[in-house]
Amino acid sequence: MLQQLPALVTLLAVLLMGGTAYAVGSARARYGIKAPATSGHPDFERAFRVQMNTLEACVMFLPLLWLAAHYGLGGWAGLAGLVWLLGRVWYALAYLKEASKREGGFVLSALGLVAVLLMALTGVVRALLAA
Amino acid sequence: MLQQLPALVTLLAVLLMGGTAYAVGSARARYGIKAPATSGHPDFERAFRVQMNTLEACVMFLPLLWLAAHYGLGGWAGLAGLVWLLGRVWYALAYLKEASKREGGFVLSALGLVAVLLMALTGVVRALLAA
Amino acid sequence: MLQQLPALVTLLAVLLMGGTAYAVGSARARYGIKAPATSGHPDFERAFRVQMNTLEACVMFLPLLWLAAHYGLGGWAGLAGLVWLLGRVWYALAYLKEASKREGGFVLSALGLVAVLLMALTGVVRALLAA
């Protein structure tokens, strides 16, 4: 069951990206900010940054998650992924309310990211040494 | 042959990203908007939003496509991917002309996205239940 | 050993994204640009563009790298990936100093990108013909 965690985390990460994109669309409508503008009201601008930061975070996290899984650490990487995901959700919800509140979630997600980074690194180095 | 569709869709999605990046570079040159600026002319700003929206869409779509393929639904996911891709091309071309015209392509691509989301979800849930 | 290159390149690409994100955070602190703002000082704006361009480049490159690896060209794709990576690092460092200096790195990374694109394309076309 732990071996399915990377897939589950990936799916939930995509749903999180979808949620942050939805928040931008809602803020666009609420404050009458017409595309292609990406500024005009602080609430919209925070929603937009949350979406972009979530996107950046996913593009860094998902490749490491699957590298770790590829090297047989899928279960541990999946658990680290749940921590990362919790941090990203916390970050998004807090940042949507106030920019200064985004730190806690950021730190938690960074812990998850560093964990999968170390797993991926271990896997790559071991495979290089074995080759 | 259907099993090769996810790979083909992935390749075409990257070419679409390349095309939208090229459109930004062209608009930058045409309107004399020097990097790192990302505003200055409505045509440029629309091209820039098209590139970013395409990027966001790919980061959400590609992981789901490959999750679905991983769970044995590669053929169906590939077909949904062609629908998604058609929607994204339509969206990009329409949005480049006028922001208000982007809806049709968006809706079509959303259908493809929801289809692969449901496939990936089915695959993950089944695998979790079997574990 | 060459077969491990796509994994190594992926890991290094994520570290590069991390480095460019770190440069944005540093510039944010140095010039007192509070989130969610993404403008306010030319140095910050260049750092921000470097981060976003690196992100875009990775989202295009990594899928092609792994498609090529999937079709048995992992070693060659990994070598092309090292060229691409060198180009991206050069691009990032040069652009951080001055926008006009970003061209050399861009061209080098484009060579690496086109190489993996051709490998991925060859793989997909061959697999489609064989099916």
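Should a chain be cited, it is by its letter among A, B and C, assigned in written order, with residues numbered from 1 in that chain.
Keep in mind that, in the parts below, contacts are C-beta pairs under 8 Å (C-beta built on N, C-alpha and C of every residue); 3 or more make two chains touch, one makes a residue touch a chain.
Just so you know, these numbers come straight off a predicted model, no measurement behind them.
A rotation of 120° superposes the C-alpha trace of chain A on that of chain C, rounded to the nearest 5. At the chain B-chain C interface, residue numbers used by both copies make up under half of all numbers present, so the two copies contact each other through mostly different positions. Separation between the centroids of chain B and chain C, computed from CA atoms only, is 19 Å. Among the residues of chain A, those in touch with two or more other chains are 55, 59. The touching residues of chain B, counted against chain A in their complex, run 42, 45-46, 48-49, 55-56, 59-60, 63-64, 67, 70-71, 95, 99, 102, 117, 120-121, 123-124, 127-128, 131. Chain contact summary for the complex, chain B toward chain C: residues 1, 3-4, 7-8, 10-11, 13-14, 17-18, 21, 34-38, 51, 55, 58-59, 62.
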